[in-house]
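Just so it is clear, A, B and C label the chains in written order, and each chain counts residues from 1 on its own.
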Amino acid sequence: MRYQPVIGLEIHCELLTDSKVFCSCRNEFGGGENTRVCPRCSGMPGTLPILNQNAVRLAAKAGFATDCTVNAYSSFDRKNYFYPDLPKAYQITQFEHPICTDGHITVCGDKKIRINRIHIEEDAGKLVHDDYEGISMADYNRCGVPLIEIVTEPDFRSAEEVQDFVEQIALRLKYAGVCDARMEQGSLRVDVNISIMPYGSDIFGTRAEIKNLNSLKAIGRAIEYEIQRQAEILDNGGTVVQETRRFNDNHGDTKALRSKEEAHDYRYFPEPDIPPVLLSDDDLEDIRKSMPELPHVRMARYTGEYGLPHDDAQLIISSKAFSDFYDEAVKLNPDYKQISNIMLVEVNRHLNDSGKTIEEVLFSPSDIAELARMISDGKVSNNAGKDVLKIMFEHGGKPMAIAEQNGLIMSSDTSGLEAAIDEVIAANADSVESYKNGNDKIFGFLMGQVMRTIGKGGNPALAKDILQKKIGKE
Amino acid sequence: MFDAEMTRHLAELSKIEFTADELEKMTADMTGIIALMDKVCGFDTSVKPYALDAVDYKELRSDSHEDSYDTEDIIRNADNVKNNSFVVPKVV
Amino acid sequence: MKLTEMRAELDAKNISAAELAQEYIKKIHDTDGKVNSYITVCADEAAAAAEHAQSLIDSGNSKPMTGIPVSIKDNICTKGIKTTCASHMLDDFVPVYNATVIEKLNSEGAVILGKTNMDEFAMGGSSQTSYFGGVKNPYDTSRVSGGSSGGAAASVSAGLCAAALGSDTGGSVRQPSAFCGVTGLKPTYGAVSRWGLIAFASSLDQIGVIANSAADTGYVLNCIYGQDKNDATSSARAQGNYTAKVGSDIKGLRIGLPKEFFGEGISDEVKTAVMNAAEYYKKLGCELVECSLPSLEYAVSAYYLISSAEAASNLSRFDGIKYGFRSGLGEDYNSLISSSRREGFGDEVKRRIMLGNYALCSGYYDAYYKNATMIRTQLRSEYAGIFEKCDVILTPTAPTAAYKIGEQENDPVKMYLADICTVTVNIAGLPGISTTCGYDKNNMPIGMSLVGRAFDEQTIIAVCDRFEQDFERKEARIR
C-alpha cells in the first residue's frame, strides 16, 4: 500500500548568550572536561538557579521570528528523570506556561506549518563512553547551556517540507542572532516524530521519534527510511511501536534506542526556585524593535521590488552579512541587478578563493556601489571592473582611484582612438579587404588589434563604432 | 488501594532499592500515610493553585559570564573520577 | 547573657574573643556528650575566627556579630567544613562554597563553633533520625529535643553557643525551640537567602535563628537577612532593623486567637499555658480577637504533599556519582544509584521521597499535588483575612511538650499530625516566633508562637520580647 507520512518536529537550539542560562559560567562549545562548571550547573547541594535575562530575550526573538505570540507571563517547571548527564536529576524547562505559543512558517511556497510552542530549557552534559572499561564519563561543560525547544504541530507530509522548514528556521534564527544553527556541531538539533497512514485516511498512525539527525541530508534519508520501515511493518500486518530511534548516518537506517526508563513519568511540577517572568508591553516592544528584517521578508523584496531572479535572491539572503552588505550597497546605488551580479559572481569568487567572509573584506558597500556605477556609466569596462575589484580585494582602496592609477578608465577621446584605428587598418590591409568582401568573422580580429593598441583604458564600444565606420560597413 | 505494586512503582521512580522485607514495611507505612494524605482529595474549591509572584524581566540577571570553579573543586567530592569526569557504569 | 551585653563585654575587652570561643569549645567538649547537639566541632576554625574578630575589635571596627560564638545547622553549607545533613549520604561531604548566611556571619567576624545535629535532611520533628544519633533534650535527656533543628535548639538551651542558625520548613526552628525552652524565629519566606541551604522543600524552607531571647533572634537576623542575587526567591521587602520595636508600648495591639489551634489534639497543659499568655497580653492592654482558620484541617496533608514532592525532586541529585555515598553494589547505572540511595538514606527520608513521587506521578498529580497547592492558596487568603483585623496571631507551637525518646517518633502518621501548629506559617510564608510560656508537670517547657504579617518580624519580635520580660524561665538541667 502507499502511505502518507505525518511528521512533526522538535528542534533544540542553543542560544547565543555569553553565560549559561542559570549560572554565570561561560556558554561556549568544547573545552577541557569540567572546566566551565560551577556548583550551580553541576547540581551541588544548596545551589539555586538564577535566570539569564538574555536567554528570555533570545527566546522571545525566536518567537517573533516565527510569528508566535510572545507571552507576557511565562514560568518554569522541573522535568524529573535520572541520567548521568543530568546532575540535578531534573531538567529545568517550561511546561505549563511556555514563553511563545501559536506560530507558523510557510514552506514549499504555500504550505503553512504551525508551531505549537517555543520554550526555554537547559541543556544536559556530555557522556563519553569507554567500551573497553565498560564505563561512561560525564562532563558537565554543556550543562546549563541555554536552549529553546521549538515544537511544531504534525503538519508535515513530506521530507521536502521538513527540510525547507529546518532551513528556513535555521536562517531566521541566525538572522535574529538567536542561534548559530550549526547542525553538525549540535547547536541546532532536530528530532523527527513520524508516523504513516494510508492515503485518504485522517487517523494518524503510531509515531516513532528519530534522533541524531545532524544534517538536512540526514533528515531526508531518515524520513525516507522510516516511511519504508513503517510501511513494511503495516504491509505485513504488524503494528508500529511508539519508541525513540537513532539514525545511523553510515548505514542510513534507524535503530531503536534502549529505553532510559521503562516508564516515562517525568513528574513535572512548577520550579519553586525560579519566580515566573513578566514581560511588560514595553519590554516586548523593545525586543520586537530589535528584530532585523527576516530572510523571508528580504526574499520577497529582492524578487518583487528589485526584480532579482529567485535563485540569485536566495543566494544573497543565505548569509545575513552578505545580504546586509548588498542592502547597504543598493541603498547608495539602486542598481539592484548590477550589484547583485558583481557580488554573486566576482565578490563571491574572491571570497571562495581566499576563504574569507564578507565581514573580512577591505572594502565597503559604498565601494561596491561606486564600482557598479562606474561600470554602468561606461567609466570602466566590465573587464576592467573585474580588475578593479581584484585590487580592492587584495589591497583595499577606492574603485575610482584604483581605475585611474592603473589606467583602466575608458577614454572618450576620439582623436587618439582614430589614429590608433588608422594604424591598425594600415597594418592589416589584407584583413580589411577580406572583411569588405563579406568575411564578417574577421571583424573580431581587427577589434582585438585595436584594443591591444589602445590598451585597457580604451573604450571598446566607441572603438567598435569608429572601426565600423572606417572600414565601410553599417 | 495502596499496595506493594504501587510501592514498587514508586521505588522505581525514586531510584531506591528495597529488599522484600523493606518493601513490605514501606507498603505498610505508606498505606497509613496515604490515608492521611487522602484528606486533600476532599477539598472542594475553585481557587487557583499557588504560584510564586512573578518578577519583571528587567530584574533578571544580566548576561555576562564569570570565572567557573577549578575543575579540582568540582570533582573533589566524587568517589570515582577519570579524565576529570564523573564515572558511571556504561549507559546505552 | 544577652547578645547586646556580650557585645559590650567584648568591646570593653573584659573578655577576648579567643577566651570566649575557648570557653564555649571547652563546654562543648565537656557536656555535649550528654546532649549530642553537635555533629562537627570546629575548634581550629573557631580559634582563627576569634583571632580575626579580636583584630576587628582592637582596631575599633567591631560589628554586631564580631566575636559572637554561634552554631550552624548541618544543612547549611560551610566551605571546607563537613556539611552532612545528618545523613550517611553526605557523611563526608565538604562544600566548596559558603552559604550566603555564612558569608554574612564571616563578614561581621562571628565565630562559628561547629555544625549542629538534626533530623536527616531536616525531615522530622524529633532529631532522632540523624545518622549520627539522636539529640537529647537538655531539660531531660530521656526526652527528644524536637526537630528538625534539634541540635541547634539544644546547643542554645545547654549554653553551648550564644545563638544558632537553623532551618524551618514546617516548624523545624520553632518546635525544637519550644521543646528546649529557648526562642526560635522563622523569618518571612524570602527574608533570608537560601543560597547554600541544602534544600528540603524549596518553597517552604527558610533559615531561622534560635537564641536565648526574642531580642537576640532579631539581633542575629539583622546580620543574615537581605535580598541576595544568588537566590531569586529572596526579597527586597526584608527591611532589617529587627529589634527596632523592642521595648515599645504594645497597648491596643490586636492579638488573634484562631480557634482551630485550641481544639482537639492539643494537650490541656499547652492550651492553658498559651491562654495564660493571652491573658497576660490582655492585661497589658492588648485586644484579644477570636478568629478562625477554617482550612487548618487540610494543612498537614497539604504540607506533606507539597514538601515531599519538592523533596523527592531536590533529593534526586544524591546518587553517589558527583558527591556523597556511593554503594559498592550495582552492575549498571540504575542499580548503582538505587543501591547508593538505599544505603545512603534513612527510612524517613525514603518515606518522604516515595510520598513525593506518589503526589506527582501520572494519574495522581491532580488529586494530590495540585489539590494541595490549591489548599495553599486558600490558607494564604484565610491568613490575609485574619490580618485585616489582627496585628499578630497567637497559637501553641506544638500540641505537647517534649516526649520521651522512642515514644512516638517511629510512627510517621502521629509525627506528621504533631506538626499541625506550625506548618501553615510556612505554607503562607509568614514570620513566626516561638518562646517558652510555661512548663508542664514534668517541668518540660511549653512553647507559644506569635505569627506576623509578611516581613513584619519587628512586631512579633517586640511582642514576644514583652512577654519574655515578665516571664521567669527555668534553666535547662544541662547548662
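Side notes on the structure shown:
As a working rule, a residue touches a chain if its C-beta (ideal position, glycine included) is under 8 Å from a C-beta of that chain, and two chains touch if they have at least 3 such contacts.
The shown structure was predicted, so the numbers you read here are calculated from the model rather than taken from an experiment.
Relative to subunit B, the chain whose mean Cα position lies farthest away is A.
With centres computed from Cα atoms alone, the innermost chain of the structure is B.
Inter-chain centre distance (subunit A to subunit C, centres taken as mean C-alpha positions): 57 Å. Our note on geometry: subunit A versus subunit B, Cα centroid distance of 41 Å, whole angstroms.
One simple way to say how far apart two chains are is to compare their mean CA positions; for subunit B and subunit C this gives 23 Å. Multi-chain contact residues, meaning those touching two or more other chains, occur in subunit C at positions 93, 96, 203, 229, 232-233, 312, 316, 319, 321-323, 333-334, 337, 357, 361.
Across the assembly, subunit B contributes 9, 13, 15, 52, 55, 61, 69, 74, 86-91 as residues in contact with two or more other chains. In subunit A, the residues that reach two or more other chains under the touch definition are 39, 42, 50-51, 82, 84, 136, 138, 265, 267, 272, 274-275.
Residues of subunit B touching subunit A in their complex: 9, 12-13, 15, 51-58, 60-66, 68-69, 71, 74-75, 82-92. Interface of subunit C with subunit A (complex): residues 76-77, 83, 85, 90, 93, 95-97, 99, 194-199, 201-203, 229-233, 309-310, 312-313, 316-319, 321-323, 333-334, 337, 357, 360-362, 365, 369.
Contact residues on subunit B toward subunit C in their complex (touch as defined above): 6-7, 9-11, 13-18, 26, 29-30, 32-41, 43, 45, 47-50, 52, 55, 61, 69, 73-74, 76-80, 86-91. Taken together, the subunit A residues at the contact with subunit B in this complex read 17-20, 24-27, 32-39, 42, 50-56, 73, 75, 82-84, 127-131, 134-140, 257-258, 261-263, 265, 267, 270, 272, 274-280, 283. Against subunit C, in their complex, subunit A makes its touches with residues 39, 42-51, 78, 80, 82, 84, 87-90, 136, 138, 265, 267-269, 272-275.
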